[in-house]
Amino acid sequence: MAAEKKLVGYLCTGCGISERLNVNQLQTIAVREGKIPEVKQHARLCAPDGVQMIADDIAAGATHLMLAGCSRRSKVEAFSFPNVAISRANLREGVIWARPNTPDNQETTQEMANDYVRMACAELRYLNIPSPSGEQKLNKNILVVGGGVTGMTAALETAAAGYPVHLVCDEAELGGVWKNLYKRVPFRAAASAVPNGYDVDLPQPEEPGITEMSAQVLANPLITVHFNAQLSKTSGAPGRFAADITNTAGATVTENFGAIIQASDFKEYDANQLPEFAYGKTPDVMTNFELERLAKAANGAPLKRPSDGKIVESVAFIQCAGQRSEQNGHLPYCSGFCCTESIKQALYFKAQNPDCDTTILFDDLRTPGAAGEDFYRCGQQEMVTFSKGKASAVVKNSAGLTVKFQDLILNEATELNCDLVVLATGQIPNNGPDPYAQLAVDEAETEEEKEAARIKLEVAPPSILNLDYRQGTDLPQLKHGFLDSHFICFPYETRRTGIYAAGPVRRPMDMKQAMDDAVGAAMKAIQAAESAANSAAVHPRVGDLSYPVFRKEGCTQCKRCTVECPFGAINEDENRYPVFNESRCRRCGTCMGACPVRVISFENYSIDSVNQQIKAVDIPDEFSEKPRILVLACENDAYPALDMAAQAGIETTPFARVVPVRCLGSVSLSWITDSLSSGYDGIVLMGCRRDEDYQCHFVRGSAIAAERLSKVGDTLTQLNLEPERIVVHEVAITDLERAPRLLNEMAQNIEKIGMSPFKF
Amino acid sequence: MGDMSKNYRLNFLKEVEANVEEGEWVKMCMQCGVCSGSCPLGKFWNHPPQEIFMMIRAGKREEVLTSNAMWMCTSCYNCIVRCPRELPITHIMHGLAHYAKRLGLIPQQQPTAKFAQLFWNNLSNKGRVNELKLGVKLYFMNGIGEGFKTSLKMKDIGMGMMKTKRMNPLEIVGGHGLEDIKGFQAMLKKAQELEDQRIATPRP
Amino acid sequence: MAKRQYSFYPGCSSQKGASSSNYLISAQTMCEELEIQLNEIPDWNCCGASIGYAGGGELPRLTLSARNIALSEKHHPGQDIVATCAACWLSTREAAERLQHDQARCAEANIALAEAGLTLKNQTPIKHMVEVLIQDIGYDTIKTKVKRPLSGLKIAGYVGCQTNRPFGIAGESFENPKYLDQLVETLGADSIPQFEKKVQCCGGALAFSEPEKSQEMIKGILESAYDNGANLIVTPCPVCQMNVEVYQAQINATYGTNFKMPVVYYSTLMAVAFGRSAKDAALTGQVIPAIQLEAIAEKA
């Protein structure tokens, strides 16, 4: 049943609006041009009586509200009304705070306000009220992939919150890469009150607690463990994932899940690639992982060197072995856990014999975590020798080993003799193949690049998730094989909604950090399952009920939406039509921006809802000296930056008309061509940083938009317009000074190149 | 390169811990180099403090103890207040210098070492410093000829000090001193004995 | 009102005919005006200064200061020890703290002290005169005593090392202490807060043993004062005062400079501002005369 739309407008006159603007003129515009039958003025709309007035109107049948007053980012809670459509005209931050209060600016300021009211009214007519799709019911089961400490922690935390877990472990026992730990790097920091600067109670290596944790997992009635098992197929979407769990005997069970956590940890670096350190030539050179197994086997008995069983009296640790190096076969990154690991292992020797010479050759000692620095001092107190030095070679001598190194403090080539050498090697993320590796082959521009991409594809590791997705079997990666996640703001979010990454699969880390990670990912997985049941977006538009609606009859099966969706949310059916998976969707609108035939839209955000705003703006004639600049600003960063600039009293040109967009990825080229042909003089697009260190909330949206717009030059040329009339900028939320300046620069440029000739 | 079999062994660090004032802090240095960068005479140190700390850990006993480095310390305490580990670097440098003196390893003609010893002798004598005697001894510490040259150079300064009554020529024959000079000297002798005993016997 | 009583440790260089005897004279004048009574510790001895480290080991040096504290505790019980000399204050306070933290060393010090019939209780706060001025007296009280504001003078506050590090004045930063500037302003003169060399080392005792190296640093201090338009430099430390003042002719000869910058103690400034004579302010003790201060002191 198509409910009848009942439109009501509200004009807030508070916060200086009535002092700066002719509000009666605004009201007239809303009624006559905006066609809103009833527009009410209120001196402080966000005050309880204002909010009550709106609530009463809704109770009396109002369905569509136009609020003219402050920015859509202000008073969000006061103006949060369920089940109605709302558009907001930004008169405060967008107009009066962005413009100087002087008589000669009065006219242009009023024109800005008039336009924003026109735009809000126009948008409102094209908004529909989204309702839950009901596409999936609540499925509380959570799938955890990985039986290491990360996976076990995720399982225990999820179960502790009352959600059943299936834990898929590819070995016969739990513990994963951590199960050989003799001790763990301490979790506990030193006491904060340190009298007179003297260290007391410094943290020591701790019992690893793996056995206890495994026992807890096995005893937990909410946790089902699948041993010797892998995922042979994963399909569906949040709330309705189906996973085929296959064991080494070939038996498969299929289970349904609300959400998934990938906690497949890491693989040990292969030290055979370090012949300079005599690895493989003598058993007395070993990796940090191998020493750990040796220590666990010794269980407190004196550690002996493997070649002849002599008790170790001197040991050297070579940090960054095969790491932080661009050399072929080395890891280019820091694995983040090896410095504290070496301190811990040096203390194994000190615990048995305080006179054992233990030297740690480091370049930069990095001891992350709350206990890290304290643990470093603990090592120093126990007289572990820390030497800033770069090892170049390990050679055998008559009595043992000689480590040749450059002492970077004393700046000399030197060496030391020892019984045992430990190589602090790194972590390689245990991930499946990069889903875009095939795409890299297809898109390579030269034969060499194609060949390189093909080789990469050939050596790709086996799949872990076996996703039945249009965009590949596993989670997308950023670099060095680590999973793509927004590691500052949304660390556990991957580019597949409802599948969360925890632990060393997303960046190198130690056990404590992996456990903290697992807790976060468990919370997100639960949230994803719950949100899917409510048909609500989980991230970053939390709670958004809108989802892409697709008009199949107009579709040309061009596949742009299925290829460009940053989250692989859209599959294809057998006729190559897109199949939208609502609960995989982040609601960014990149598909809408991609669609050349404009058949994709959201109930409350569509080609029309923006296009009508663009068309509502009054375009003065060519000789008015009043250009119009369309600004399409990302609602996550650029739009807030402009709001905050206005709060800070920074001026913006009166000729700009700003339309917030969900993501630059949602920008349809039709908006650009339509606005050019309707007489706009310039267009500024403001999105997030889009390179490797991207800030785009939708990962690829900003980059995709830039790619699409790089081809707009042709359109301009066809229209005989100057290419400077369209610019794309990367704007951060902190760019308070810069964001308005970019708009002012466009105004200055238009002054130079002249007004658009397309004004009718 | 010589015998490297004792490289990066802890022998010297342990010796420093046992015998050098505040030496137990040496192992806690984290090699950031802020001390070296903060020293007003840093450019004159053949081994800045950061290096000294590393040399101790690398076992370079002779090189450390015969170095001119520690004698460049002006006691400005800049290194102490800036050290992120709050190590008493100034005192460790003093301690190493004193230990070098105790072992007779001071480099030849080290002017600050000589002056510092003169100062100590001067104060031990009467309980208070006699600036004039100290100055004269200082100028003549490198022999009579050098002494007259330095005195000549310093003549104007001396005259200025005398005119403003900030130097008294009569101090050369007497000067300020303690009433209980006997007790004072017995006290110092005792302190010296106790310290000698402690440093001769290695710590448990 | 009764005068504030302090157990006073003047130090060797403050003695009659010694290099900072002018400091003592001006400090005494200043204390008279501020109703501070300084009770000299009977039979005090040298603190060992910093440079004593070569000849004296740790325990002999600690014992030197222990004797002074013990004498103060015996003769002036309950009175805080106050020193005017930066090195005396530093050595004494450092010894007191070390002996508090290191019980073994404290026991040894007491064995040695027994030879002189003394015992260390080590319960006495040890203050620099500047702490007395700022914490016990306060800028407001000091301001009320100003009879001849030092208006028109631009004074570079040279704090130096040992009044500033490692202890310093409570609430001040090591890198940019501001109390001397505030004191200068309190006395009606203009301070130079941006004086870059305010905590630069002057060379200390190495001015004697390593004169070239030290004089290079002193040159930097003087240059900065001139560049900032200072009429004179003020300092709380006798070593700073002497090193920066008396070597200017030698520096001029070495570097071809033309320095003639008076360097005075804060106590000299205060004595003049409080209306006392040039003699009471020990302006007669300036090797480089502070002519502007003399002019103010001559005013009625």
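Order as written gives the chain letters A, B and C; numbering starts at 1 within each chain.
The rule is short, and it goes like this: a contact is a pair of C-beta atoms (placed from the backbone, for glycine too) under 8 Å apart; a residue touches a chain by one contact, two chains touch by 3 or more.
What you see is a predicted model, and the numbers here were worked out from it, not measured in a lab.
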Chain separated most widely from chain B, comparing mean CA positions: A
Pair of chains whose C-beta contact count is the highest in the structure: B-C
Separation of mean Cα positions, chain C and chain A [Å, integer]: 59
Centre distance in Å when chain B and chain C are each reduced to the mean of their C-alpha atoms: 23
Multi-partner residues of chain C (each touching 2 or more other chains): none
Interface residues, chain B side, partner chain A - complex: 1, 4-5, 7-10, 13, 27-28, 30-31, 50-51, 54-55, 57-58, 86
Of all residues in chain B, those that touch chain C in their complex: 21, 40-41, 44, 72, 74-78, 80-82, 90, 94-95, 97-98, 101-102, 111-117, 119-121, 123-124, 127-129, 131, 135, 138, 153, 156-157, 160-161, 163-168, 170-171, 176, 178-180, 183-184, 186-192, 194-195, 198-199
In the complex, chain C residues that touch chain B: 12-13, 15-22, 43, 45-46, 48-60, 62-64, 67, 108-109, 111-118, 161-162, 165-166, 168, 174, 199-201, 203-206, 208-210, 213-214, 217, 246-247, 249-250, 284-287
Complex interface listing, chain A residues touching chain B: 197, 314, 355, 357, 359, 365, 376-377, 380-381, 383, 385-388, 407, 409-410, 414-417
